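Letters A, B and C name the chains as they come in the text, with residue numbers starting at 1 for each one.
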Amino acid sequence: MTRFVDLTLNGISTGAIYAAVALALVIIWRSTRIVNFAQGGMLMITTFIASALISSGASYWLAFVVALLSGFVLGGLVERLLMRRVEGKPPLNAVIVTFGLLILLEAVAGMIWGNTPRSFPPAFSIRGYSVGGTRLLFAPNDTFIVLVVLGSAALLALLFRRTTLGLRMRASAFAPEVARLLGVRVGGMLTLGWALASLMGSLAGVLVAPSVFVGPNQFDPILVFGFTAAVMGGLDSPAGAVVGGLLLGLALSYVGGYEGSALVTLAALVILLLVLMVRPQGLFSTPRERRV
Amino acid sequence: MNALLSRARIPAGARAPVIALLAGIVLFVASELLSEYNNLQLATGCYYFAALAGLTLLTGLSGQISLGHGALMAVGAYTAALLIGNEHWPLLGAVLAATVMAALVGLVLGAAATRLRGPYLAGATLAFAVGLPALADKYPGTFGGENGLTIEPPTPPAFLGREFPLERWEAWIAGIGAVVVLLLAENLRRSGMGRAFRAIRDDEIAASLCGYSVARVQLTAFVFSAACAGLGGALLAVVLQLAAPGAFQLQLSLSLLTAIVVGGLGSLAGAVWGAAFLVLLPGWSNDIANSFSLSTKVSSNLPLAIYGVVLIVVMLVWPTGIQGGARAAISRLRRARGRPGTGPGTPRKRELAGAASGPVSPASGGEAALTNQRGDPER
Amino acid sequence: MSATLLQVEGLVTEYGPVRAVDGVDLSVSEGAVTAVLGANGAGKTTLLRTISGLVRPRSGTVELEGRSLKGLAVERIVRLGVAHVPEGRGVITELTTEENLALGGLWRGRGAMPVEEVYELFPPLRERRRQPAGSLSGGERQMLSIGRALVARPRVLLLDEPSLGLAPLVSREIMELVRRMAAERSVAVLLVEQNARSALAVADRGVVLNLGRIVAEGDASDLIADEDLRRAYLGF
């Protein structure tokens, strides 16, 4: 029984991280109809930057903030300089470009920092809470993870739904041509969307780094999990991304707990395929008919 | 190539075997002339070609993108290694079995993925690529864990003589595999199924209205490419005498993707260019690293960095790759000489770039393209 | 004589080999409604899209109060005071009625028309303010898109087939509204319509396009009176 509780709590914590990556992918998909496979590489780089700062003596929180800010900047730069040229072209081109960027980022990280994974400190204690004599597999750090991810998601939701900036961003995502006719600087809104998404991704990166270690390829599974969670919730739905992330976290926690961690990524594949076969638009999306 | 063959008056039905025969002759002659080291490179190029041929048909002709082919090569490699090493199967049987095994895995994966489009298929195959190598850790007994499985080098048959170099024999084995793949792939491309691939890539709805079963055609493309990848993987295991997880990480799938993009999506000649690219690039990159005295950190990651840059640049600037560029150049030459160009340059571009935009689009700047992408202002 | 707000000269727009707009000159004055008529494919929509910047012309000029709009981005042109209600109305269905309206005035900031005023003009919208725009009827959507354009207090209003898909009664109301707006708010209106009769009923001047060229122009009353013209190009 405690095992089950432990796995559940662990699942919520890892699920929050998948939710953050999923949210990043969803925001970008909604605004530019591109699945940003390079997200895994982008958050890896910003986590490396944080790691380098910590190694040279900076405080954790400074590194944390720098990671988020550099994520924001990186996202904006990638959209403006690179993705702008493939928006509106056939999706195949964008997919290939994002993969190109992924390899490039991983290679550059290897060049700068080497390929050996290195450790990364957690924000808070990872010693599980003690409840009635037993130590749970859920620690203050996990509470932090869940709170900060849910909190950021809530802030983003507020931004999108309650501010005029958010209104412009939504209009740019739903109907870019009409938005331009209403004087909205659609290009800038798309860049901002990427920047915010990438900030979410960087958040996930620093939160997950203590468990996966920081290395050029260490975050590949996180990309897979984030994508799976986003698809589960529906690529169009930010709420779906959060729910999908939590559900996936739970599911994979159980698989990892009872079957061993090696199969976890393949389990995600199975879940992904099941979702795509049974309800391809995801749990939360309204299906859009394709216009003939 | 087609033009040359038609000028030589070779009937359409015989073209694929002729091409395969020519390729076989070229490979044979090359293997005789090259040094041992270069023969090894030739063998490497051949098994890459086997995998790339299938992948380029899948991606270029039928428009599906798969990140999983590195993992499918792993399936072929491990199957061959297990059969040869543990069960002592003969070479041919093991390679065939490996191909079939990979085709079966491709069948399962493909069946689950038939309805997937673009990024969804990419993501699913990405999951496969990242997840499969972990099986080696899960079942270290069978799969040899991190060190993988080793097999005995293939011995050349007695009639070739005692002194027959191993590398040349490997080049022959891989070369035969490559020629067989070339024959089958070229046949497939020219057949009704090949036309179906193209129809579905260009417009699924129109194609299904014409009676093509979209799911079945996509599955066929996927399974065929999986079989090719399996064959390539089996040949890899034979040439390297090793099947280890390190060789089949996500990077392999990504380098395969780079190779077909560079060579030109959908083109078998492009697969040749791509294979050459994969074989020669690490060497060139090492030379660069040495001449600039770059550290190991940098030099070991340099090929990957180059792949990344290449993918991005080619996709942005030159979506039709080398083969498309060659075609365009030839057609421009033709026009300059006053002969009617077959115009493959431009239609090829449209095949790739025009696909998703629908039947008629205004000469686009960004704005018009944006409209097409999102479609209608009002739904 | 009221001021010319919009001046188009020698405008040529091509779609590949096709000249959708083939040398068009026209001008629209403050407070006047100019109807652009012609059959499907005559180039009317392309003309509007060229003026608002969605499509780049091959040659020719478009001037707003003497200022050239050449090469400017769509958003820039809009912020200079051009409003374009596109074919199909362009209502953003995922947003609410109120959000659509708010969106229209964002770039104007404080100078925008208060949303209340729009509700005065179009009472049905008030009831639907919180509902997603996708749930509005055709007529309501037309009101919404015109209202949204007005919020920004434009100088020039480009209307693309506002009566499309609307019942005749609703369509007539909309047309009346357009005429009132032009007069009351000193807006120059360029009205593209296939329904020539209703357009000419509210327009001051008319321009008839065929295959991208102007084949007739003049005061609306003259065009109505010309029976041959009506039969040939306008369908009534």
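Criterion: contacts are C-beta pairs under 8 Å (C-beta built on N, C-alpha and C of every residue); 3 or more make two chains touch, one makes a residue touch a chain.
No experiment lies behind these values; they were computed from the predicted model shown.
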- Nearest chain to the global Cα centroid? A
- In terms of CA centroid distance, which chain is the most far removed from subunit A? C
- Message: Can you tell me which chain pair comes out on top for contact count?
- Response: A-B
- Item | Chain centre separation in whole Å, for subunit C relative to subunit B (CA means) | 53
- Just curious, how far off is subunit B from subunit A if you go by their C-alpha centres, in Å? 31
- Item | Mean-CA-position distance for subunit C and subunit A (Å) | 43
- Touching two or more other chains in subunit B are residues 367, 371, 376-377, 379
- Message: Counting only residues that touch at least two other chains, what does the list for subunit C look like?
- Response: 54, 74, 86, 90, 92-93
- Identify all positions of subunit A at which a residue touches two or more other chains, and write them in rising order. 174-175, 177-178, 180, 186
- Query: Residues of subunit A touching subunit B in their complex?
  - Reply: 33-35, 37, 82, 85-93, 95-97, 99-108, 110-115, 174-178, 180, 186, 216-217, 220-221, 223-224, 227-228, 231, 260, 262-266, 268-269, 272-273, 276-277, 280, 288, 290-292
- Item | subunit C-facing residues of subunit A, complex | 164, 167-168, 170-171, 174-175, 177-186
- Can you list the subunit B residues touching subunit A in their complex? 59, 63, 65, 67, 112-113, 115-120, 122-124, 126-128, 130-132, 134-135, 137-138, 205, 249-251, 254, 257-258, 261, 297-298, 300-302, 304-305, 307-312, 315-316, 319, 352-357, 364, 366-367, 369-377, 379
- Message: Under the stated contact criterion, what part of subunit C meets subunit A in this complex?
- Response: 52, 54, 73-75, 78-79, 83-84, 86, 90, 92-95, 99, 102-104, 106-108, 148, 152
